[in-house]
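Before anything else, here is the set of structures, which you'll find just below.
Shared chain: chain A. Partners: chain B in the first complex, chain C in the second.
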Partner chain A sequence: MADNTDKTRIQVAIKERKRVGYTPVVPDTQLGFVHNNVDCIGCRACEIACKDKNGLPPGPRFRRVMYVEGGRFPDVFAYKVNMSCNHCAEPACLPTCPTGAIFKRQKDGIVDIDSTLCIGCRRCEAACPFGAPQFDPTTNTVSKCNMCVDEIDAGRKPYCVMGCMMRVLDIGPIDKIRDGTHPTKAIGPGDHTVRQVRNMANPDLTNPSIAFVPHPKGRVEG
Partner chain B sequence: MTSNSPRNVPSMAYFVGLFLMLGLVLWALPPDRGAATKMAPAERTAAAPAAPAAPAAVETRPTSAAAAPAEPAVPTAVIPAAAAVAAAAAPAAATVAVPVREPGADYDAARWSPLHFRPAIDTATNEQCLECHREVLEPSVRTASPAGLPAAVTLAWYQTLDTYAGPQDTFHRRHLVSGMAQDLMDLQCTFCHRGSDPREEAPVPPTLTDAGFTLRKSVNPETSCLACHGRFPWEHMEGLAGPWEHERETYEPEPGTNGCLACHNSEAGFRSVRHRVSYLKAEAIEAAAETNADTCYGCHGGRSWYRISYPYPRHPWPDMPEETPEWAKGRPAASDPRYALPKE
Partner chain C sequence: MSHDDRTHILGSALNVSRRGFIQGAAATGAATGLFRSVAPQEAKAFAYAPYPTDDELVTVPTSCAHNCGSRHMLVAHKKGDVIVRLSTDDGRYQGPEGGYGYDTEEVPQLRACLRGRSYRARLYSAERLLYPMVRVGARGEGKFKRASWDAALDYVAERMVHIKNEYGPQALLDQSYAGASYGVLHKSDQIEGLLGRFLGMFGCRTSSWSVPSYQATTFSSRMTFGTIEDGNEDDAFAHSKLIIMWGWNPAYTFHGGNTFYYMRLARQRGCRFVLIDPQYTDAASSYDAWWIPIRPATDAAMMAGMAYYIFTQNLQDQDFINRFTQGMDPGTMPDWARGQESFRDYILGTSDGTPKTPEWAAAICGVPATDIIKLADLYARTKPAALKASWAPGRNSNGEQYNRMAAALQAMTGNIGKLGGCAEGVGKGWHAEAVAYPYDEFANVWYASIKSDRWAHLVLNYPNLKREEIGLWPRGDHLDGVIPDIRGIFWQGSNWFNQLPHINKQIDAIKKLDLVVCNDSTITPSGLYADVLFPVATHFERHDVALPWYKGHYYIHRPKVIQPLGESKTDFQIYTELAWRLGFGDRYNPRATREYFHHDDAVDEAYLSAWWERVQHHQGVDISWDEFKTRGTYKFRLPRPHVAFRDQIEKGIPFQTPSGKIEILSTTLAQTTDFTRTAWGYPIPAIPKWVEPFESLNHTDKTAEHPFHMVTPHPRWRTHSIFHNIPWLRETYDQEVTINAADAAALGIATGDTVEVWNERGRIVLPAYVTERVMPGVCVVHEGPWLDLDADGVDRSGNPDFLTLDEPSPAGGFAYNTILVNMRKTDLNHRPGWDRIATSRSHVFRRGV
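Let's turn to the complex of A and B:
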């Protein structure tokens, strides 16, 4: 998010059409999600809690539980991958926005969108490798998960996390989640998290703030 | 417990008492109330008080009533049973969504059309795609945001490049019908849309390779967007001490010059064979670069959404060093066969 100095500089540059650059925000702390692919039962309570919280019409889904199934008898398997906006360290949606509607919070790295500033160009939707921005054709605007930022500011957790009956979805500082020092029920004893699971876009694109406890068949390294 | 058990005697007395109580309750009910419970739904509606039912039936079906011819007013008291049932069902009809699908279109068949899958999609033309998806080329950007921010006065950082022209537009139109897209590119729908699975499940094949899907996304930016929206890898370039936006003044002392071409020419020995792919117009790009400094930078850092760079293939160029630098090891020496141009 640009500070006031940047805003002034950008406004001047706009008038002169002078080239300006883009500098990603480096947050003080980066919050992120952790999802246990193995223990998730795919009940979609998180999806519904999210739709309820955000008043979403049919169609847009900020959070999505994806079923991954495969194998050949008797070696068959099924697991779930659960993703919303991954509040990337360097989000691809943010630099695409021509109106400044998308911004990243300095204190916790949450990538939020002010949809009242959206003009519906849908560039963010195209740029996001994880399908997070959701287009609402009824308003011709884009909206997305903001990690229930109002709940975060109130000291609580997002609705999706609170709705998870299996406690396989949680949030926390992503660096602590990754090194296993964040206390959470989503990571069991002996579990180790990974940045990417099979069929997921390359995390090097944006460094998404999400970790998975992968199913053995979902490990990228095989 | 069996039926001839002596312990059944109190149970029988209990049930006899229960039936007697039920009979008393039925006897105490008013006769019309008891009859109402035996009526058919249609009869029950006709027998209901007329005044509140009639307006409700008329007012709560806006969609169908608006389209249907006006019916003569019928006193509710003489509504036939079938009509009364229809009137009672009207509130439910009012909740039915207005159909947004075109009549006669078979969406399920279209969804699973072979054209959406390999191998047919590899040879699909824009005309075939736009036959159904023509709305992607219609201008659809709002004139102002819901808060009143006019689209005409907004400008993103990358839109301050010299190559950017025209009003705010959708990404589909920018890549297919804008002036720059027409002049310098030859993008096909299938460059990005390479066959998607309309389900949201991602099957894992028996092998350990990816199934070719991207969870939650039908387009993989790494193989499409990244080619022109990757980071500018200035660390790998000799003579550059920082990102191009900081260094360009050193190489472009006068307006209108293109600092990239100061090194990237056939004499200097840096990569001078480039853009040899069918989705770009290489000659037009080279010509535009001579007169517009941002032609190169626009796609090589000026619109970088992603934090990594695209691994461009190293087509041999004149005076190309024999030894491959560390950062370029593993890169292909030719373009993707789908887009490679025939060798001259």
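Let's turn to the complex of A and C:
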């Protein structure tokens, strides 16, 4: 159970929250993820690295490697879409939080939840189009990927990225990832990134900070 | 928390009007943070507080230890004596050239896979064995009570002496295996392991010689090349123009620390990929491979069809054949075999009247002749091309013929000994300095040695069986041919009871034994059938050095990260102390006194530092033992990618075969007159041939009753059975039976339905995964779930080894992939794990398009 003993503080926070509006933070640099849907072997080392790093019980999965497959035997295809929290430019979760526990960092745009303020109402879980907030039944709170802020603040990369056996997952300034100027092994020679792949919610909803190298079958028009 | 509580919380969350709430938030948007009266505090970002950051923790480089196809680095972050998280190689641990993020093609990071990353959950699992236990219920009932070390050790020592005196030097069966795996000091292994030395020195040991994963492949490599070191280093794959993954899924089974990554580099450089497999694997999708679905156990036939095309189109590398092979064609037959059947004679049908045409092959393997021709043409014309003949198709009835046939293809196209080519096979790429404990004339002493999957057959039929039925290894003394009377089993690093074929037969056999001893860090299904459980310290709790597994050229230091949990001891401590009680403690562990059972640090350090001196001398390593310990890892820089047999091809050094050539015609096999006197027991052709398996989809008499061919590959989320009890891994993957959508439709089965799969040997229950990615008529059940019998003897875990047959191929290959089964939707229960709350959610994250 998270240390939520300071009930008074939570009550005050709720009261205040109703008067405090949401002005989206415009970060100095927006960090984001890039994932290569094709070259990913779907090993889920990133998922388990994340579970271990964050000490999660069975249930909540901050990072989720989704397996997509299709076609008809023997003409089939498969690819992976790997997503955690997209640290959106306009996070849908943030304004739904009644205690103001969700915040976006000014310096790098990381969206995080203050675990001491979360009351486990799960509104953020419902609001997120990407399934990022994860309810933890052992603590009755919601938590999610914070891009390993301790690692970021120490000048390193998150555990999922550093655990990627195929080097297909990376982070960087999202605008540089998108215009191809960020050096990363996730994007191979000749690869180009997109904002959206099939089966993924419309990025216009929240402007997620993530780019994908899509599978040909995972491309969406436009 | 009760179920009702949870429903209540969920209900209140759902009752909130989300739309109304968002509007409310927007309406107050003009307000600012000035009115906040909450005292500013540092946000607690982590799911649990206090979250220890790295500056509060001690980081200790170490490695994984389990028996997978690789060896990766782990870094333990510990607080006091508790590991709070694990990370992996990030480039900082390789001496002066390294640094955070250092990761080059020459010196890549050794990043651990999902299993390695879950080690903390295994270390502190509920199934962790902490105290010596002795059985109080019936064998297999799972009832134990805690015992003192003294009592447990005395009991075992007393029974050992009794059994040896009563039944002779063959009465104890060594079933150690590589579960606790490759440390140089604390090693469990069939040949080099600590148990073999212990039982051998005691003077009572029957060894198990066939290796479950790849015995057919080992046989093929030995016969063809004279060695199992037929592997390139993993970085050589980056130089291929064509990679044929034959039954190989490098996305699941990691042969080498970075093989999968080097293959990605190959693809970026224009390499083409082909997969021959009943399943469209993740490796196929990642490397955009041309998928050729094939009927299981018919691989050798398809290869023969390819060889026919290559010979008849004259696409073979005749110069290579003439210089380096024996028996490929009439011109390369040795004098003593002049006029006998060569491989070319067999393929063209000049000897048996049946040309092995692509059409002939197509009828057997189900691959259209046009595809066989297309692949043969591609393989013969693309240089260099790597045909990686993996182990799984060898785990079949007559599986050795597949591997021998693959070697013939590799040789006839001249792809051996060349960068970008491939002679694998076994794939051992590097010979490490492997043993730090005493390995002398007492190591691997045995008084009988049998095919590993025949022990139950032996115990149930003793003494009324022939030596060839159990693959008795020949000896030069009076014990040759003596059928062993097995009275006890020792397990070290082994869950073989759960992993060998035909488990129901093993359940019958084990009841007949007098002593079953299990060393393990975890309670396993095997442990449940033991009389005595010795708790073993994991590799985090003992001092060792990790070796790469077959590929990879590096060593990783494995310090004692934390103190052993509970009363656990190392295997070496346990066998040393047992040896003292049996009167040979000083010989078994010559650097130790009896104090070793309580204090092992100094002795282990002495063994390891002496071993490092050998590394320095034999392998030209220039850093000291202390420097190695400080860095945590030593990665060799090779002047060029290691390619097996390069010296033989470039410098003309003879191969290690009797003829010094690549033996397509095996001298050993051709000159064997009585196979019953060999360990194989039954005849094996001297040249690679298609030999009908004992069952397959082509056996219409059998498919009427059991219409599906089941294959049982290695899973990604377990190493064999290790990690089955890890909830993190179980929520990412189901133990399921994979079936083709058309077959499923005919049976009325949908993904997620519970299905029972059965044949005459057993019945298992597990959920179905319906997909277009597996060929019709084939089903896939991954090996290794922990057996879990219901009252009627039905396995609820979905362990395929209740259905496999303990009928090895002549060369000793286990027939794990030669199984016909039937299946249907069922009301029987599946249990994903021994714990009650276990759920798997992988199907939630799978979507059809």
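Note that in this section the second predicted complex is superposed on the first by the 199 of 222 C-alpha atoms of A that agree within 3 Å, B and C clash if a C-alpha of one lies under 4 Å from a C-alpha of the other, contacts with A are read in each partner's own complex, and residues count from 1 in each chain.
Everything that follows uses one rule, which is that contacts are C-beta pairs under 8 Å (C-beta built on N, C-alpha and C of every residue); 3 or more make two chains touch, one makes a residue touch a chain.
No experiment lies behind these values; they were computed from the predicted model shown.
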Open item on the list: Output check: A:Asn207 vs chain B and chain C. Expected answer is one of first, second, both, neither. What do you get?
Closed with: first
Open item on the list: Let me test your reading of the model: by the given contact rule, A:Val149 touches which partner, first (chain B), second (chain C), both or neither?
Closed with: second
Open item on the list: On the A-aligned overlay, A:Ala45 touches which partner chain: chain B = first, chain C = second, or both, or neither?
Closed with: second
- [ ] Applying the touch criterion given at the start, work out whether A:Val25 contacts chain B, chain C, both or neither, answering first, second, both or neither.
- [x] neither
TODO: Could you say whether A:Ser115 touches chain B, chain C, both of them, or neither, answering first, second, both or neither?
DONE: both
Open item on the list: Quick check on the superposed pair: does A:Val194 touch chain B, chain C, both, or neither? Answer first, second, both or neither.
Closed with: neither
Task: Comparing the two partners chain B and chain C, which touches a greater set of residues in chain A - done: C
Open item on the list: Looking at A:Arg123 after the superposition, I want to know if it touches chain B, chain C, both of them or none. Which is it: first, second, both, neither?
Closed with: both
Open item on the list: Touch test for A:Arg72: chain B only (first), chain C only (second), both, or neither?
Closed with: both
Task: Those residues of chain A which chain B touches in one complex and chain C touches in the other - done: 13, 18-22, 64, 66-72, 77, 95-96, 98, 100, 114-116, 120-123, 126-127, 139-141, 198-199, 217
Task: chain A residues touching chain B - in the complex, by the definition given at the top - done: 10, 13-14, 17-22, 24, 64, 66-72, 77, 81, 83, 89-90, 92-93, 95-101, 114-123, 126-131, 139-141, 197-202, 204-207, 217-218, 222
Task: Residue numbers on chain C that touch chain A, as the complex places them - done: 1, 6, 9-10, 12-13, 16, 18, 21-22, 24-26, 28-33, 35-39, 41, 43-49, 51, 53-54, 84-88, 90, 100-101, 103, 111-118, 120-121, 250-251, 254, 258, 260-261, 264, 267-268, 280, 282-286, 288, 291, 293, 716-717, 727-732, 740-742, 771-776, 837-839, 845-849
Task: Of all residues in chain A, those that touch chain C in their complex - done: 2-3, 9, 12-13, 16, 18-23, 38-45, 47-49, 51-61, 64-74, 76-80, 95-96, 98, 100, 103, 112-116, 120-123, 126-127, 136-137, 139-141, 143, 146, 149-150, 154-157, 159, 162-167, 188-189, 198-199, 217
TODO: Spell out the part of chain B that touches chain A in their complex, as residue ranges.
DONE: 140-142, 144-147, 149, 151, 154-161, 168-172, 200-206, 208, 210-211, 213-217, 219-222, 225-226, 229, 243, 245, 294, 304-308
